[in-house]
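Order of writing sets the labels: A, B, C and D. Residues in every chain begin at 1.
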Amino acid sequence: MSKKIGIFTGGGDCGGLNAAIEAVVKSASKEGWEVYGIRRGWEGLILNIMHPLHISDVDGIHSKTGTILQTSRTNPYKFTGELNGQNLTEANVSGKVIETAKRTGLEAIIVCGGNDTLSVIPRLTADYGTDITFTGIPKTMDGDLQTYSLGLDTAVERAKRVLEDFIPLLKANGSIGIVEFFGRDVGRVTFKAGIAAGADVILIPEIPVDLDYICNFIAEKYDKRAERNRGVSYVLVAVAEGTEHPLTQKKVFQNKGEDSFGNRRLGGVSNVLAKLIESKIKSDPRITRHTGKLDIKLQTPTYDVRGGETSYSDSYIGQKLGLAAVLYLKNGAQSGMAVVDFNEHGKIELMPIQKLIEPRPVHIRVLELFERSGLYCFGRKPGEQGYKPTAIMCNSQ
Amino acid sequence: MSKKIGIFTGGGDCGGLNAAIEAVVKSASKEGWEVYGIRRGWEGLILNIMHPLHISDVDGIHSKTGTILQTSRTNPYKFTGELNGQNLTEANVSGKVIETAKRTGLEAIIVCGGNDTLSVIPRLTADYGTDITFTGIPKTMDGDLQTYSLGLDTAVERAKRVLEDFIPLLKANGSIGIVEFFGRDVGRVTFKAGIAAGADVILIPEIPVDLDYICNFIAEKYDKRAERNRGVSYVLVAVAEGTEHPLTQKKVFQNKGEDSFGNRRLGGVSNVLAKLIESKIKSDPRITRHTGKLDIKLQTPTYDVRGGETSYSDSYIGQKLGLAAVLYLKNGAQSGMAVVDFNEHGKIELMPIQKLIEPRPVHIRVLELFERSGLYCFGRKPGEQGYKPTAIMCNSQ
Amino acid sequence: MSKKIGIFTGGGDCGGLNAAIEAVVKSASKEGWEVYGIRRGWEGLILNIMHPLHISDVDGIHSKTGTILQTSRTNPYKFTGELNGQNLTEANVSGKVIETAKRTGLEAIIVCGGNDTLSVIPRLTADYGTDITFTGIPKTMDGDLQTYSLGLDTAVERAKRVLEDFIPLLKANGSIGIVEFFGRDVGRVTFKAGIAAGADVILIPEIPVDLDYICNFIAEKYDKRAERNRGVSYVLVAVAEGTEHPLTQKKVFQNKGEDSFGNRRLGGVSNVLAKLIESKIKSDPRITRHTGKLDIKLQTPTYDVRGGETSYSDSYIGQKLGLAAVLYLKNGAQSGMAVVDFNEHGKIELMPIQKLIEPRPVHIRVLELFERSGLYCFGRKPGEQGYKPTAIMCNSQ
Amino acid sequence: MSKKIGIFTGGGDCGGLNAAIEAVVKSASKEGWEVYGIRRGWEGLILNIMHPLHISDVDGIHSKTGTILQTSRTNPYKFTGELNGQNLTEANVSGKVIETAKRTGLEAIIVCGGNDTLSVIPRLTADYGTDITFTGIPKTMDGDLQTYSLGLDTAVERAKRVLEDFIPLLKANGSIGIVEFFGRDVGRVTFKAGIAAGADVILIPEIPVDLDYICNFIAEKYDKRAERNRGVSYVLVAVAEGTEHPLTQKKVFQNKGEDSFGNRRLGGVSNVLAKLIESKIKSDPRITRHTGKLDIKLQTPTYDVRGGETSYSDSYIGQKLGLAAVLYLKNGAQSGMAVVDFNEHGKIELMPIQKLIEPRPVHIRVLELFERSGLYCFGRKPGEQGYKPTAIMCNSQ
């Protein structure tokens, strides 16, 4: 039984996408299926840009970053651009997606995407039925979906290195460093990278910032570290771009428009913080007695956190999800599901896309473990110390 | 209530040990406890080599590889060396361990170790009771314990890079490359790194090698790749040192003695394979028509796979387990348990050390997913193709 | 004959500083000398912040980035800060430098610095004579001194990686990428990293930008690359911050003050270029026929280019210069000289600091080699093609 | 004027080869020339394996390791293999090289190689005249030619990392580590990497090993380091494979045959050293009082030192030499010359291949700088301390 399927990648590119593409093409080819590479996310289906993919197109691409199929943030329900000679603005061209798929004879389409890209699927299914099977593979550098998603591991590794590589420079200049990472509503990358690299203060969208508390924490930390190291000190702050302004309690946006999913471009909270912190502690003797003048250094690594080498984990999981998706399609799939794992008992684990894309904030209980220990400051005063977590038996994993 | 606790690391050093040490020292200091750094694994307790650890000893060490406490493979039930002026051979000096701990006033000892190091704990408990609370933190680069253990992630990342960096050289020389990694009974590192890097053939202790099958697979792969790339081809084989000799079905050992846990030194299976493969396919036209002469290149990276940068994951988990262990001790711990996770519900997850150290082979169901797709050869003929895995709903993670 | 010497590092920290410090301390200790670590550049001499350095302070620091002595951009002829309880602004406190050195008994001071830091030495010598021997070790990430200087190699390597890691992302989005690097008057880092990474357009302060020419080059390159790769294309531009605005022919500054050496903070030329390029080619069919909408992505990596691992070359040369400086001092040194090499004939190579700090632009003849080949665009139309360079015999190196 | 030229790479692959190939193909294409990629070194000319190279074959390959043209150690004066259906052994097939080149119409051939590969050129010229212009581009990871050669920088960087990554593991185990690198007659890689990484003992073919001296040095170093660090110590030894056996004063070979240039396979000197050192110092109290039992760990990284990322320098120089070679050919070249640089005055620097391939040992005067300082041991007692090098003025570079 021969099949024709399509695959595309939408949203930001990240580690593991090419691994999934390679696995899908190779295993589908083995089944005797034809695989179409749809280009530039949903745009490829709107504009009918696709071509057959062969093993020679994908052999060895699994650990390369980016996506050979290219990507875009196109929303078929709000398309802006040229279509059939017409210039459209925020037009609903969802019908075009189905039309292209049907005309090409695609029975199923594997969609690698995050919440924006995947959110289109339930809507398409509601509007046009399930003749074409849409199967999701979760990817998001933000780690904000309900399950592990491709790209998080690679991004955290990269973010960690930016933080670690900053520390010697901060020490050399006696500075306070602030690094702003992406993370709209969920600060998972900042949280994990911050801990792994030993950032002293970690600020995320999930937790409102208590300005007085963090300023005091910073001055105290600077002072103690200086005392232990003949005056050489620094404090490192990692902040997610979606963290709220400590005074207005609102997110900080750049003066740019929004994308076709209605997201405004965040950015600038590190500048806000730098100014607020500076005004609070520039004359604090816990700092000034060790350094002539308080120096704050900012960094906002952007594309560089997305680049580099794909982690083994994203390469491995990308291939696993790609293979599991083909197997799921082979054995009869239901449209609107995402393939989220293939477990040790040999079962394909699924999740309805609707549920998958519900936001998953940083686990506050885990954060509290790090917070109460006094190792890290998360922008607020830690809770009472009488805290007594239960211990439970674990099953083997 | 002030406590005195000890911590040590045993077995091979790996990523995440220093992270655990830093977290233990910092959080225990916050509780007002005194922490003793016991040196060189169990040897430190036998020979009484230890010293108090302060925050200044550990600040910022979390992402450094190695272990500031040093390590050893010493078995207190089979100690060879000098003790109190006497030269002992395979002597039971377990009493000395308890004696040192008691004399120093240690109420609890956190042991970071793998199966050999941790296996001493149940025996000590049986022999001397539970006056001193021994709490385990799992670590093993091999990934052969029942739960995730520190070091695996870092090691797989490193092993993956060795494989990936080998490929351009193999292509440049038209060679077949064989890389031998550690892995006595469990081939998890070779399996995961092999897949992540796209090794064509992955051989692990869990699966006996069918020599004819792999030789045919190699020749076929070489031929097809050459055809796609104007004659440029290669085949990459990753093999765990504990993989059985294809003819004798026995592990391949070096001519060296065994360690104090009775482990003989493995090594050499890649040489065995190279000779067997060469004799089978050196005249195979699928290879010779593309290259003058079959060239096989071997590599056995050893210490270099253990070194390098600690992955974010091992740094993060190392700190998490260190904090959880201190919290567990604070709230009343039972000797003989290992702290294996701190979950999103705020619970410390425990496992009896006895159970934790049971070997955990590579999950064969997962391996089969990769095997049936035709992407990888695991040393045997894949099973029948009618395979139809169940799909199940996943809970959010 | 015992000596007391000092060492400090000024200006931006970079790769190789710690290597020089380690070599100076170890070899001077061997001579029986006492070495004082002066902290934070010239500030350490003004404020008398220094301490003796021992082998245990420096063993193994050679490949760590940063500088264990800390650094600053302090100019003793324009000091702003508190001194003896007085708040000074742009005050000449040069006498304080000499006073501190004499009071401590320092016979000689080794200064690791770039043009700003080193420029103080000839002035001090003119004003206060040569009782104290100031010996320079050249360092500058910009590579703008007359000889190789510590830090360039490490910085170019790092800049190259930023560029290379950007390419997959640009391909995935069909974008034009612009990366802005430091480089006030000399574009050596951008030039070398740009070529090593294969940036298509490389813009440096040495060459005025011909806007029409580069826009045409970009559109042409985008088109040809798209044609070769099924529509997948990108163009990568590397620009030094000191490159002139194509319309005003002036450097682009941030709205920030200047440092104590009178340098205003550059930054923003990539934004200027992005807008100008976009307005010129956003409707160019050579681009639009391959992609829906021209997308330009900007990156300004800052501190991250300074961080990371010291290259072997900076570690090696740093040690060599440190050893040569001590040897020079041992055998009778003249104040105001820099130690710039130790050659294969066993001679210490010196250069008067006055001469060393004359700017050294990118070698235009070498740039032309890359330009005429058509591989790279340097912002201007290449010269006539009849170019015929002489070939000469080389002596062995 | 259209030309047809060929290019090939011989000997071991290394960083910078693909950069040279890309530059040659792109700039020659711009001249309107046709470029043939000759495969597998001299073998490609013997067996007539070549194909035209286009820009699309080489765009972006400059920083990839390996060589897209493949390579071999074939010697046309001692060819073993099948030719025209005949099995030859060490046959002179040099005429075939010229015949193939003439039949294809190649006017000039650019040869990227080290001393073995390049040594064929003068012989060919002597035997067959200069109708075909052979132009060399020097490459050798060993750094043993008379000028800088492609691959050295990349290899030293890689070797340095192996050494640096070993140190935490040695500390964790209190071990002496010995790392054996390639380097037949010239120890440049071991020398430079050893210094850059801070190896304590560096042994190279240029200097006979004084066993007593190094054993004493090791014990002393171990002892002092242990005293400074609460007993934590290690000693790191880097040794080139061509270093002589300390007792026999002969190189140590593996039991393998020789290649077609008559080179026997070296290897094993680290094992020899380990045994000799162990027997001398295993009971030395300077070691045993810090550690239970002397532990020596060996590593022989092989292919892994050749792999990885091409350094910016090799990518940059590879392109420069490729461009210069084309320019040299364009303006009238003499056969038998190598293009070794393009200098800041716009001149192509040449060297007769005959002269280029004369061995260039490590500069002993530079080595002595490191030796007399006491920082490093090079296997012998340093000379007298009255040493007083001349200081000379340097010209700007």
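We adopt the following convention: a residue touches a chain if its C-beta (ideal position, glycine included) is under 8 Å from a C-beta of that chain, and two chains touch if they have at least 3 such contacts.
All of these numbers come straight from a predicted model, not from anything done at the bench.
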| item | value |
| --- | --- |
| Most distant chain from subunit A by Cα centroid | D |
| Rounded Å distance, subunit A centre to subunit C centre (Cα mean) | 34 |
| Distance from subunit D to subunit C - Cα centre to Cα centre, in angstrom | 29 |
| Euclidean distance of C-alpha centroids - subunit A vs subunit D, Å | 43 |
| Junction residues of subunit D - those touching two or more other chains | none |
| Category of the chain touch graph - line, ring, star, complete, other | ring |
| Which chain pairs touch, all of them | A-B, A-C, B-D, C-D |
| Residues on subunit A engaged by subunit B in the complex (per definition of touch) | 23, 26-27, 30, 55-56, 59-60, 62-63, 146-148, 153, 156-157, 159-161, 164, 167, 192-193, 195-198, 225, 228, 309, 311-313, 315-316, 319-320, 323-324, 326-328, 331, 340-351, 355, 360, 363, 365-366, 368-370, 373-375, 388-394, 396-397 |
| Of all residues in subunit A, those that touch subunit C in their complex | 13, 39-40, 43, 47, 49, 51, 64-68, 70-72, 81-82, 162, 165-166, 168-169, 171-174, 177, 230-232, 292-293, 297, 299, 301-304, 306-308 |
